[in-house]
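Take a look at the structures below.
Next come two complexes, and both contain chain A; in the first it sits with chain B, in the second with chain C.
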Partner chain A sequence: MLKRFRLEEPESVKEACELLGRFGENAKVYAGGTELLLAMKEGLAHYERLVNIKKLGLNQIKRDNGTIRIGALCTHRQLETSPELQRVLSALVKLERNVANVRVRQAGTLGGNLCFAEPHADPGTLLIALGAKFLADTGTSKREIAAEDFFVDAYETRLAADELLTEIQVPAPAAHCGVAYLKFGYLERPSVGVAVALTARDAKKSVGDIKIAVGCAGPAPKRMAEAEALLRGKSIDEATRGLPKAGEVAGRAAQAISDLHGSQEYKEHIVGVLLKRAFQSALSQC
Partner chain B sequence: MQFQKDVEIRAPREKVWNFIWDVDRFISCLPGCKDAKTIEEGKRYSATMVEKVGPFKVEFPTTIEVLEKEELTRIKAQASGADNKIGSRMKVELDVNLKGEGETTFLSFVAGVEIVGKLAALGHGIIKRKADQVLDEFAQAVKQRLEGDS
Partner chain C sequence: MSKAMARRSDAQKIPLSFTLNGRLQELEVEPHELLLDLVRGRLGLTGAKLSCDVQVCGACTLLVDGRPVSACTTLAFEVRGRSVLTIEGLAEDGKLHPLQEAFIAHGGFQCGFCTPGMILAAKALLDENPNPSEEELKHFMHGNLCRCTGYKKIIESIMAAAKKMRSA
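Moving on to the complex of A and B:
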């Protein structure tokens, strides 16, 4: 059962951040509540105050030159049904369609998902591969945090106590760019997720830039720079031959944790399998 | 969950052994452990373990019981505690072994950690990783403290 708490209803980002700064560990941001309230009902966490930010707007999807700006309070459902997003970032739409179940997607927000930093979550992994930036706001100052630097550990991010994630900025994929996110898991819980974003060049004969991220297997989603280097700038044939090695390197770097859903070795193997498939899927879109 | 940590310490075995029995100093090497008290010298101790994973905080008032003791060689102990606020229990069986001669001691901890209750909802993998981190820091802190003293 939920213990008593006070619900704060700030009317601006500044006011919300002031409350968060003033009450520190005794207050928590309340957005969709799909993860927070479960943890509180279970008695795993308790806060004297919840700072409800649902009335702050922050739920627009905008195209601004080459950047897609997604308000942190956009629900998963909003993202999966957005025609604009379907046009410019279909990989994210596809990912969102497979987040948990429709009840969670209806209430849960993208910002909430990222800030709660539950290890078995999908969006962070794809956003790292897409080179996204997260806008952290205190109401008086703003800073950008690269998606790949945002996640520190399980349930831990780089956001300061008085900062609010207000916007997710994704560079619109360039021409000849393919993006794929593949996951493997049991029912709604992903055990391994792999994202690949790449550009093809020389009339699709070689790999241009490539970003790879792995999530769910370890404590937090991670960019796989070493695996990327094995494929970047290589001819398609060379890169294809190099995929098993890249998969092995990414598997090791994923810091996979053994649990009831698979051993560390098993998850490392799955990283390799998904990397190969995601690479081929991304390449086919170029 | 089974863990093993081996640490090579540049200090004679007697010094390491005496340090282990200087409970206040030894316990202060364990991250998150506070309020160590001796209930019965050489046999029973109490302490509070406070650990945090992201927003989840757990506080186990813990009793530590020394089960076996072999001078300068081995200690077998058991620690158990419960956090009633979040309905979780912890039990640790610890085997500490000392080897080596002269100025070097090989200290080995083998720990069997069992955590049951709601905390388990965080996932076995996350808890295992946290416990592993805590024991790693503990082993390193013991080494630093002992080598720093010499």
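Moving on to the complex of A and C:
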């Protein structure tokens, strides 16, 4: 049962941010509600006010030169059915198609997913590997936060109390770029998610740039710089031989936690398995 | 005035006008009222069930503008100006929907607790994809759980209904 709260329905980002600034910890942004309402029903969180931001629009997907701009209020359903995204970011479409279930995808928004920062979520991990930027807006000023810097801890991000995430900006992957996100878990909450984005060069004989991110295993999705360095610039043969080591390094760096979704050791192992498969999948797309 | 009464008089009321099973409803809700409580408790339509309460099982599935939602985790005010279909509104003029007929003919339920949600989710699927493969059906329906029959007969029922609806 939900406790009583007041509903605010601002009509602009500025108005929303003023409300959030004025009421501080007594107010919370409400978008799809798929995660927030669960926490409130369980009594894990209560707010005197919810600020419904669904009158703000923020639900367009646009291509702007080399950048794909995704409004924070796009639902998972919108993303999984977007022909534009299917053309340029099919890995994100595939991820979105497998978020939770059809009802959650109908209501839940990408921005809400990122801002709630529930550890067992998929999109943040892939967006880190894609080098995405998140636009934080107060209605009077804007700043960009790199996806890899956005997540601080479980349920904690770098957004200030009076900032809204309004847009997710993803650089369109270049030619000869492959992107893969793989996850493993029972039922709907993944235990481990691994994303790889890489480019091939020298007529596909070596790895150019590579970004790797791991999520779900630990408190927040993370970029795996040390594992990337073991593979970047290497010939495909060398990189392939280096995958077990890179998997081991990424497993340790994932800060895996033993919980209902698996032991620390088990999750570290899965990171290695998924990293190898994601690497091969990404490479095959180049 | 007691504290509880004082709180009640302060309560925020949101006018809510929506279509429920084809009929216009006009009432007021508080922000925290859930769609499932509104439909079951205030409007007396008890086909949708409260089960997991965390959007995993699908027993509370309703269609809002034709799309499945978890009524247990949808705030009632969200259906402002929209069209809500519950299992009670599926039969037309006393004639069961092909999905309902198929679930009976193929034994697609046992205790029946998940069935209203199953049938409404299946309706949403067939409305957007009249000829789903079994894989597509499983993918769409994997968020609706049954603890009696297993899923074989449910899949058979939906496939049979799809075939009948295509030929109609």
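Here is the rule we use: the second predicted complex is superposed on the first by the 286 of 286 C-alpha atoms of A that agree within 3 Å, B and C clash if a C-alpha of one lies under 4 Å from a C-alpha of the other, contacts with A are read in each partner's own complex, and residues count from 1 in each chain.
The rule is short, and it goes like this: a residue touches a chain if its C-beta (ideal position, glycine included) is under 8 Å from a C-beta of that chain, and two chains touch if they have at least 3 such contacts.
None of the values given here were measured: they were computed from a predicted structure.
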item	value
Touched partner set for A:Asn26, first chain B, second chain C, both or neither	neither
Contacts of A:Val102 with chain B and chain C, given as first, second, both or neither	second
Touching partner for A:Thr34 - first (chain B), second (chain C), both, neither	second
Contacts of A:Thr140 with chain B and chain C, given as first, second, both or neither	neither
Touching partner for A:Leu50 - first (chain B), second (chain C), both, neither	second
First, second, both or neither for A:Leu7, with chain B first and chain C second	second
First (chain B), second (chain C), both or neither touched by A:Leu187	second
Touching both chain C and chain B, counted on chain A across the two superposed complexes	none
Chain C residues touching chain A - in the complex, by the definition given at the top	7, 11-12, 14, 30-34, 53-56, 58, 61, 67-70, 73-75, 77, 121, 124, 139-140, 142-144
Partner chain C, residues of chain A touching it in the complex	2-7, 33-34, 37-38, 41, 50, 77, 97, 100-104, 106-107, 187-188
Interface residues, chain A side, partner chain B - complex	28, 39, 42-46, 117, 119-120, 153-156, 219, 257-260
Residue numbers on chain B that touch chain A, as the complex places them	53-57, 85-87, 118-119, 121-126, 128-129
